[in-house]
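Both complexes below contain chain A, partnered by chain B and then by chain C.
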Partner chain A sequence: MFSAKAKSEVLREVVDVISTLVDEAKLNLNKDGLSVKAVDPAHVAMLDLSVGKDAFEEYSADDQEMGVDMDKFKEVLKLAKAGDIISMDYDEEKNRLIMSVGNITRRMALVDTAGMSDPKAPNLNLPVKVTVRAEELRQGIRASESVSDHVALICSPDGFEMTSEGDTDSVNLKLPKDLLESLDCKETVRSLFPLDYFSNMVKAASSAGSITMFLGTDYPVKMEFTISDEKGEVHYLLAPRIESE
Partner chain B sequence: MKVSDLEIDPRIAELLAEEGIKKLYPPQAEAIGPALEGKNVVMAIPTASGKSLVAYLAVIQSVLRKGKALYIVPLRALASEKYEDLKAFESLGIRVGVSVGDYDAPDPTLEKFDVIIATSEKADSLLRHRAHWLKELSVVVADEIHLINDPGRGPTLEVTLSKLKQINPRAQILALSATIKNSNEIAEWLNADHIASDWRPVPLKEGVFYEGEISFEDGTKKSVADCGDDVSSLVLDVVKEGGQCLIFVNTRRSTEALSGRVGMHLKDILEPTSSKELAMLSRKLQSRQDEPTSLGARLSRRIRYAAAFHHAGLTNGQRKMVEANFKSGLVKCIVATPTLAAGINLPARRVVVRDLTRYDPNYGNVPIPVMEVKQMSGRAGRPQFDTEGEAILLAKKPGDSAFIMENYLLSEPESIDSKLGQRPALRMHILSSIATGHVRTEEELKSFIESTFFAQKTDFWTISDIINDVLEFLTEEDFIEAGEGYKATFFGKRTSDLYIDPLSAVTLRKALGGKSDTAFAYLHAICATPDVPTLYLRRGDYEWVEELAANEEYLIDYDDYDDYEFFLAEVKTAALLQSWIEEESADAITKRFGVGPGDIRRWVDMAEWLMHSMTELSRIFDKSKSRTLSALMPRIRYGVKKELLDLVSFRGIGRARARSLFSHGYKTREDLKKADVKDLSRLPLIGTTIARNIKLQLGGSVTIEEEEKMGGQSILHDFQAE
Partner chain C sequence: MIEWTEKYRPATLDKVVGNKAAVADLRKWAETWEVGRGKKAVILAGGPGIGKTSAALALANDLGWGVVEMNASDTRNATSVRKVAFLGALGETFTSEGEYASSKEGRRKLIVLDEADNLFGREDAGGIGAITETIRASKQPIVLIVNDYYALTRRSSAIKSLCKTIRFEPLKSSEIKTALREIAKKEGFKIDEEALDHITERVGGDMRAAVNDLQSLAEGKTEVTHDDVVALGYRDVRKTIFESVRDILSSGSCRKSRESCMALDEAPDTLILWIDENLPLEYREPSDLCAGLDSLSKADVYLGRVRRKRHYRLWAYASDLMTCGVSVARKGSAYGQGRYRFPLWLSKMSRSRSVRRTLRSVSEKIGGETHTSSNLARTDILPGFTYIFLNDFEFRVSMTASLELTEREVSFLLGEKEDSTAVKQTVEQAKRIKEGGSVEIKEIEDFELDKEPGQRDLSQF
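After this line comes the complex of A and B, so read on.
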């Protein structure tokens, strides 16, 4: 059993976070809320999302899995304005999700979850933790996008840096320690990431005030932020590019 | 003795000078004279005191005089080591080749080389294929000749040398041996000068450790700070002083457990820079596995703290990685099974032998021979790094110290014996001698046996009964025809060429007369031959193996067995191969069958070989089976279902990658041709390098722009299980 009502912007955030990595996802539902674990087809990035039931206007669910095609979900969201309430009910008999916005009802066939196992997150030992205002990162990405396909994230005890080197131009965002929300860093670390992935992840954090990143050298980055008025929690992992020696 | 005083080609002297070799060690100086004169020489001196150099010099000198050399080594790993060494002389115009692979081929390409390095099995098979250049050999080097003592492989080395002596009596023989009691007898057998010495480039101190103190053979004592664990204390003690430690234990399980324990102590004293490098190495070990296994993950975890384990269950890649990083000094300690001592040259300042007994399924715990302990101890002391080496044997209870001192430290190593007198060895080598025409009459057979080391020590007639039995067996089973002399049948010749035990050929022939046509039935048939060792049955195995056994069809039925246990062990072994070709993951196989990934490889190699033999024999006995059989071969080699065979034919594409391609819709070469490099590179397990490689092998090219876009993206999997 699953039945819930939520504001359209809350669902939009959830969908953005998921569709950054995958087209289809398995939602794990239980009485306390929903969660998603997914890895993108190239195995470069991983998502661990949980949204508590408080994020919804109404929520009740038994333990169950639901396979959702994110594009279809988005089509429904497009019909709604901010503040509209969307209701969702699970039709067990036909294995469909019934969504209504205003006077429209969409009966959405679900995806078979048999092949969708929960990925196991690597147990990483990341020495550096830095929290940056999301707006600063978005600004840095906007500046980088015209210059290169990748971005280096660098952290030292003095501050955080983001640089992009193109063939001719380069972009550098430098945030000294006092402009950071917090910094826990004893050694300088540096890893290079594909900009498209990084950018989409940061953009998915549209309502988050700040983003916390865990970093190492030539190591994946772990990003953490909240959505849905801090009632949802997102963890992303992104694998680095390894620069040739 | 100075190199400049040697009567060698000035070009060799020059090259040696470039390598920084100016002086010869005393045993080298003693041996070099007769070696360069072309005399047969047996050198019995400790490991790492420069035997090989003497052999190299004699080989090079002979080749520069238009000669040709065969260098016989016991292991494939050693073949590549020798190859690297001898390649240094290529600037003199010497062509060096290695031959270790496929036994069922004469390998015509070998002829063009001046120096050919081969394992003793390969050398034997070259003899069987009558490679004519064998008669042109001017030098034969037999490395580690004391392995004649090995019941499994010793006879092959012995027979090969005996035959070479007979067909080419002019060839000079250089035999290199560890220190053994009766090396003079070997010299006598080979009609060679005997050079024996205990001299070592790095002096060796041997001792016993008990309750925090090492008592050395020379009466001195040294106390060792206790960290709570005996072996770890010994490791910490030497690592703190800048040395490394090799530890020998008697089971694989112990290597893994002990290296973990040692690492827990070592991690606190590692320098930050090496910690970082070790972390990187650890990641590499994890991500560079063809297929991840839990053994790989364990090795990766251990190596993080500079203590690795080393046993035959590791893959070749893993072993090489451990060895190379020990040589570079990054890894501080290796815990190994004694196989390491027989293998490549990997010295350390301190060697600890923890276990002096070993489990033998027939006798329970038996003491390890002195010769083997000396081999292990001999690894102590790294030339150029250490001023002395220490070999330490562990006493486990009071009273052990005196016993160890008496029986190991102060004892001479045992004599070695020929193992040719045993039935399987005789069966195999008599057939091959007849099949190649080396032996045609009873007289020639006798003279051949008398040319072996076996006859040196034992009277021919003591084994004449066994020989008669073997001849009878070979005649009854149609391998040879006994008329006036001995002559091999076609079946006999093929069996000899295929390099399988005649008893295996009998089993395979019988299987080919059977009715079943399932993959499992064929796999079981090859596991029923003596050439494929069977897996042990563990207590928990009986139930599932018996159930499996009841549900399969067979070509060799269990009615033929006296002992049901043997049958079940074969079924279990066949089940391993079956799981492999049904694409069960390497990790699952290692867990279910209690083996390491390196073991899977070994069984697969043997199975492929026997399946090849069965295919060849089917051409004689039942042609209709040839097709099914030859289709099974590549599946065994690659460990895949039939549908992946097209994909695994690409270089760099193993079964895991092929499966990834297949399940994403790239099922044939055609699909790959049409595919976009970028799409391929994003597939799990593929990545940019492989994607590019596939395209290159398809004859396509990758634009710089495409390459730029992909450059070095890793996947999360690379960081799994840290």
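After this line comes the complex of A and C, so read on.
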């Protein structure tokens, strides 16, 4: 059983976070809320999302899985204005999700979850923790996008840096310690990441004021932020690029 | 219901049935894999259902590698290949279980491009080029799986030189039988030897087909006998077409050849090709040959009418003329030819099919633009068009843009491979024009076509 009502902007944020990595997702539902764990098709990034039931206007669910095509979800969201309430009900008999916006009802066939993996969050040893204002990161990404397709995230006890090296040009964003919301760093670390993944992940954090990153050297980055008025928690993991020796 | 082909897919390389040498080759390639040493990608070539994909997946499992798979059910155009294979090939890996597999610990990501010879049409546009790019840039091992090695390498010489090739052979009947017996044991049903013989004989070394057949026969039963197999109505069509041709050419009996044709599951327009191919082998007496071919030609007249008027009732006359007519035309004795041949015309046409298809699509586009039929475009416009297309870069780009020529069509007109610089540049520049930009002439000098204009004779198609 699953039945919920939510504001369209809340759902939109959830959908943006998921569709950044995958086209189809398995939603794990229980009485306290929903969660999604997924690896992207290129096996470069991972998502661990949990949304508490408080994020919804109304929410009730039993333990169950639901396979959803994110594009279809977006189609429904396009019909809604900000502030509209979208209601969702699971039709067990036909294995469909019934969504209504205003006077429109969409009955959505669900995706078979049998082929979808159930990743567990890996154990990573990430020595550095830094919290940056999301706006600063977005600005840095905007500057980098025309220059290169990858970005180096560097953190030292003095501050956080983001560098993008192209063939001819380079871009550098430097945030000294006092411009950071918090910094816990004893050694200098550096890893290189694909820019478009990083950029899409930061874009998905549209409503988050700040993003916390856990970093290592030539090691994945873990990004944490909240959505839906801090009722949804997002953990993204992004694997580094392999640099040639 | 779980498909047995998935349920019993080998988990490790040791369990892959048959092709021991190929499997060992694959394992060795993977174990010594390193960027800058040896080939980064490997092509597994061979017919369907003989363990290519299974071997690739088992390999990744053995070595604890992640797997990124793209197969024919995904769209594989330039964008999606770049998004999945290319980006995957540059970075480290999270496995689908959520482990972080670092290349520093020798754990890699195996990029499996299944059915890589099947990139077709608009939805897969640019896929071949993107695959070549991916292999060049990759920091991770790549496996391309193909049924038809030449269908892939014909379109890209770069792929051929970038990849190591490992060939898989059809499995032996004994290997398939052993595997089927094992499945029967695990599923808890009995199967007799005769039934096994029948299944393996029919599939011709295709393990997947054998397992699928077994499942359809055995699901929900405790015993499978030869009668079950026969009751399913398995019949080998190719065997019967040989038999029919033999009946028609050597029985001399009108009735027998007619009945044989009725029992055959082939349309008259296929059968006539078989008779035509093999008639001269059997009718060695000139007068017999003449009378036989005369009857055959009359049958062909009817077939032509069927094709033109869609008047399928005329098939009956065509059939009678090519069976009875041919069989009674022989007055002397049949030569007793041992083996009949597959129609040469069919094999020629199937070999040139993709070329003909491209020729047709180009002609249609030109015809549409010039308000002529595609036939006229082919015979009157295309020769001159091709000449200018080869020699004038600006013309080439603007035509590619306005006719919306695909990479395949450009490569056909230029006589170059699809992922060659010439084709790529033309298509890229055309794209730029369509987006409102101008041609960058400076890039013309970067390549030279080695084809003399007019060297290729298009009339042969």
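Side notes on the structure shown:
By our rule, the second predicted complex is superposed on the first by the 245 of 245 C-alpha atoms of A that agree within 3 Å, B and C clash if a C-alpha of one lies under 4 Å from a C-alpha of the other, contacts with A are read in each partner's own complex, and residues count from 1 in each chain.
Convention: a residue touches a chain if its C-beta (ideal position, glycine included) is under 8 Å from a C-beta of that chain, and two chains touch if they have at least 3 such contacts.
What you are looking at is a predicted structure, and each value in this text was computed from that prediction instead of being measured.
With chain A as the common reference, chain B cannot sit beside chain C without a clash.
In the overlay built on the shared chain, the residue A:237 is in contact with chain B and with chain C.
Once chain A of one complex is fitted onto chain A of the other, the partner contacts of A:117 are limited to chain C, with no touch recorded for chain B. Applying the stated contact rule after C-alpha superposition, one finds that A:125 touches chain B and leaves chain C untouched. Of the two partner chains placed by superposition, A:157 touches none, neither chain B nor chain C. By the touch criterion defined above, A:39 lies against chain B and chain C together after alignment on the C-alpha atoms of chain A. Shared-chain residue A:166: touches no atom of chain B or chain C. Note on the chain A alignment: of 152-160, 260-268, 278-286 or 368-376, the part of chain B that runs into chain C is 278-286. Taken together, the two complexes place residues 39, 41-46, 120, 122, 124, 194, 219-220, 237, 239-242, 244 of chain A in contact with chain B and also with chain C. Contact residues on chain C toward chain A in their complex (touch as defined above): 35-36, 66-68, 83-85, 87-88, 90-100, 102-104, 109, 139-140. Taken together, the chain B residues at the contact with chain A in this complex read 681-684, 708-709, 711-722. Of all the residues in chain A, the ones that touch chain C in their complex are 37, 39, 41-46, 117-122, 124, 194, 196-197, 218-220, 237, 239-242, 244. Chain A makes touch with chain B in their complex at residues 39, 41-46, 120, 122-125, 149, 194, 219-220, 237, 239-244.
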